[in-house]
């Protein structure tokens, strides 16, 4: 009886344990894991939203740094490249970037973002991953509009934006982030100094070179003429919006809100941007005698682009150094483009995204706390970084050249001389961006 | 003894279980549940903040699309409708919308957002729910300022904004979201294509019709004259800000960050906006020969408004279709307003929010993966959607007409001819929005 | 046997419990705790990002409220103070503010944000705390640029911005939030009406007084001349961005996303801002006959500044009252500065941040639900609040006076008369902010 | 050849342009100016301080016409630009010594 | 009747306007222009490239006055607009054949 | 003394200024104006409604020169401002009664 009492006790106990444990072990354990996944999802989505607002930042920087007569055309291009990118990336680009790998070069499954992406081992929903990757793709695409501003046909730009989102960017993305050969080699580009920014920057370089300079940019003797932008205020607003968005770009690239890394990434991002502003402030100040507002703004962006590769790998001090030097690269790059390459890039997109992106990616080989040369990691990472930078440069320049060449012979790349002189807004869109203001007309300097 | 040992064992075990389980079952289980609630709260709040920034978006679109002489007046109206709405909704509107239901028509308890709202079964704090609903209410209210811009008295607008936030919107909200008759009928308007946007849009229609067109809008022969806006750049910035805010508007309407639905909602929202831009790009391009910047911007918004009802119910492909068609509705709506109704809506608010909102709500009846006609769900959902759209139209038009009629005979609705001609900024506020710029004066076309 | 069976049962049960509990008690419990910390981290970071965008808000308000000829200079100052602040605060300010306390006055450890900050008892990563505190510091710093706008040398401002971020602000921060004497006394300044805003506001007062008024501000007879800003639109955009950022500033100051308080804080913040707009609308309307747009915008900010101290301590109704009265303080403060103090503050920074910040801090002594005079808490809290306000005023005015005096005799504080007349943009930066627009030239009223 | 310089209200520009166009005068140059005269400026309050906007927006229309067209052009402008309230503006008549069409180099009456 | 056209520094406009007003001349038309002359432009560097801002902001004040007021008006302008540095501007005097007040149709001296 | 008033295309301003400068004419006043004439405006569609932009941006260059420089100045302007398409603009010549340099009070030819 005692035993039987004992039995009853046992049964009761087992039952009681059963009653609690299910809600603990089978429901509760998943509850915590589920919460972690939910938090990762929320983090990734919010980061994606922040990256989205970078589109507004790009639009404001690019329009602010160019002339009033082309303002509507530029914001239109910025809007449309995001829209075509969103749709094309969902249909094609995502599959190329994250489909099942073929030869380390390209993804081959999941067209229309359907089918299984189990090989990615995602915790967060596929759609959260998709939207985050979409806004990244659109960032690469929109970089180009600034470099080709004030002379490129709208329809040509529309065609371009489809192809960069469908092929040029996704292939590079596959190499580095989609399980391709670069990721297998240990290439570190945490949030895309090279994968996103250099791809945009090099495409911008090719595009700007192939469309040719604005007619008033270079004198007959090759002298460089300044064509100041129409709103420094909007340009500065754009830089603030971009910086804001970068807090999604870099910390969000963990795809996880449950890792404490996000805090350090936010700090390195912020310090690099701040140091970048000083790079863009001080270097031109020393060289030309005055603090140049537009180069300080560019330098800030250069610092952000430069830290993007190593944001999770370097120390705060490393971030300051990388940010500062990247901005110097940007500022020198602007002069290099104008005075040496003679390629007209109205907003400095090639310098900010191309040069500083490549530079920042290489710097990871020096400053990575784990594996960087300065931290005793030897040169192997550095070499890997160089390989990555060169490979992406080669791929991008090649494909972009083909793309723009085809556009040139089909729909045409450049507007007419009259259109350029009187403004793309009125010719391409039948509108004046600032209809109530008296403008200085179309100046040729 | 063995038995007693057994007993001791049992006691120990029970105690040990008791020791663990409290911290597991009573503390830990709430910990995970508490975390889930906390995450839902954080999500809802951040979404509310994102929806808030839509106010800036509206202000920029509306001022950018209208004339420089009225710019200060418009941003002022945008600011003040949000402020009066915030206070009135907290005092009155929330109770009408979410108080204990009376007859399926109206809420009747909780004035001043006090008392119990237990019938809502909220997990998140009441105040999180309140702020989220407040910014929604303010969205409906602010839509109207654009349609009545450039000729409506400031004080009239102030009075209007109080009543839409106190009564017109909350009643509709109660029907659809507060347990009223529409929600009981199975009406699907996830984030408010009809509840928020159409309410704003139909009120805008009534307001714009009753205040009459701007003096220079229609020729004596009824011909339509274009009155271009003063800053396409700010208009575009506004669209980007609205799109950004929509990532709070739609995904946030889950009121839960722990559901994976938020990712899909973000994707459908984004795709519909992108497709909307193409709708606004292509249709006018085909009809008028050039890509119209302002209609592309409107189309983007039309796509966003259109998807808002079905964002959680349709597939990404459905979102693309709805977005594209909604934008076409917007673009055609703008012409319809001008050429058929002869109602002057300077920024296209009625078309974007009224027409596309209604259209998008109806589309749910076709495209909802569960219950939509195209997915074999029959016509019952479609009919419910139609009933909802018509009912909200009828209520809104009726109450708005009464409201504006009363305003007209009391404080007056419209500014004097001289004031309209020289600008509301200087007459109503004693200020010029752009004091340092030479303007083209006040043009009559 | 029965007993042994019983034993086996027991052993099984213990084992089974052991099997589950580890994953419940030792792993699961931390999992939930870890999730809570992760959520707190995410919340703090997102709040920091929102506070960051306030920099854009400040830039837009300050440039919008001043003349076009100085627009580039102002956005440049706004950018650079954030950048120098970010770096200096990381190197020096954070240690002074949060290092181990010395005498209740100053922190003394952790230079370069290194070493242990265990005494803070932070759950979230140190870097999350750092970035949040950095953007707060930068807010205090950037307030000053508006008050000293249109006449202060760029290099002087650069020097100033270093010292406020290194010393002036961190010491006050230590007093109130870093374990210093004010926090020990029970001083309530939840998110920084005094610690952040008044520090900025009083420094602005000293700076504006020491640099002297703009040459055209006061007539020879001491009469006050209006110098309207160049873009009300951008000013309004700035206010919306600031309000948006305030949703990080106040709710984020919990440093915790797992407390339901964040929802109530969001509501009190929003209501106070809305009521503030009405204060800035109604008071000048009554006094001068027209609703003044710029004072309404200022009033909105005044309401936000005023609620910041008590946002977690007062009821929604209390928030409305504080917000409204704070805005009245702002509006009267603007006149007081112009007409009594004769200190030229182009954007109203001293009134918004100094006066309303102090006022709002004192109001906590009346309206705090726990401890406030109106809720039966007696006068002790009120006295503490007054002590805090006075102490911070004294410290800030003293150190700011020394700082600006040193700047004056070294690099110089003020630009030349010619430079002021023709614009700082062209003289200090070699640029015109709006190169394509015909401006009204440099008007002296 | 005479130059007719009309300072008018911005809101009347379109009507003036149309009326002249109908009469056959299509060439003109338009400048956005500000002006003062009998028309009182507005005294407004900005942030608590009074200020006066005494230079009001006007449009200056310059038309170079043959002597024979002067009277009719003036009449048309008077008709279309008049509202009857103070601030309607002025017309000034100048003599012109010569006119040249840049495109062709034509001089005198042929250039107009 | 003469037209006095004064190109002055923007910063001197208010003083000129006030002085003329005190003397009884209230009517004028103001245009924001740019000009160059002896005053050196500024050579600045934008993004590493030099550019010259040689058209500096000026204000053109046009006043149509009776012949008898010309001298005094010129004196007032000279007094108020002069700073003594290069770039103070010029005054040009034109003959006016007729003036008409649009509001009333008054002609000649009555119109001013 | 004559005033040469040239209405030209904005894009030609720089060339005209340079050519005149080389010849020794440095003083000029520039106004951003709009104009119409033979040059057709553009009919555009904004939000589905047609509108005409018939006032096109031009630049008005005013140069007061000594009588002896008039012809050469005109020639230089004709050379630099001409593109051959409709809309190149006009040159109008006015007589000037007097010119005064505000800085010094110099009158007549010395003032230019």
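We just call them A, B, C, D, E and F in the order they show up, numbering each chain from 1.
Note that a residue touches a chain if its C-beta (ideal position, glycine included) is under 8 Å from a C-beta of that chain, and two chains touch if they have at least 3 such contacts.
Note that this is a predicted model, so its numbers are computed, not measured.
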item: Chains touching both chain B and chain D; value: C, F
item: Path length in steps (a step moves to a chain that is touched) from chain A to chain D; value: 2
item: Interface residue identity across copies chain B, chain C - same or different by half; value: different
item: Chain centre separation (chain C, chain D; CA means) in Å; value: 53
item: Separation of chain D from chain F, taking each centre as the mean of its C-alpha atoms, in whole Å; value: 18
item: Contacts with two or more other chains, residues of chain E listed in rising order; value: 31-32, 44-46, 58, 94-95
item: Contacts with 2+ other chains: residues of chain B; value: 3, 6, 10, 13, 17, 24, 28, 32, 35, 39, 42, 46, 228, 231, 237, 288, 290, 292, 294, 430-432, 434, 437-440, 443, 445
item: In contact (per the touch rule at the top): chain pairs; value: A-B, A-C, A-E, A-F, B-C, B-D, B-F, C-D, C-E, D-E, D-F, E-F
item: Touching residues (chain side chain E, partner chain A) in the complex; value: 44-51
item: Residues of chain B defined as touching chain C within the complex; value: 2-3, 6, 9-10, 13, 16-17, 20, 23-24, 28, 31-32, 34-35, 38-39, 41-42, 45-46, 48-49, 52-53, 55-56, 59-60, 63, 71-72, 75-76, 78-80, 82-84, 86-87, 90, 112-113, 124-128, 130-131, 134, 154, 231, 234, 237, 425, 428-438
item: For the chain F and chain E complex, residues of the former touching the latter; value: 3, 17, 26-31, 64, 94-103, 105, 111-112
item: Touching residues on chain A, where the partner in the complex is chain F; value: 421, 426, 430-432, 438-445
item: In the complex with chain F, residue positions of chain E that touch it; value: 2, 6-8, 31, 33-38, 54-55, 58, 60, 74, 77-78, 81-95
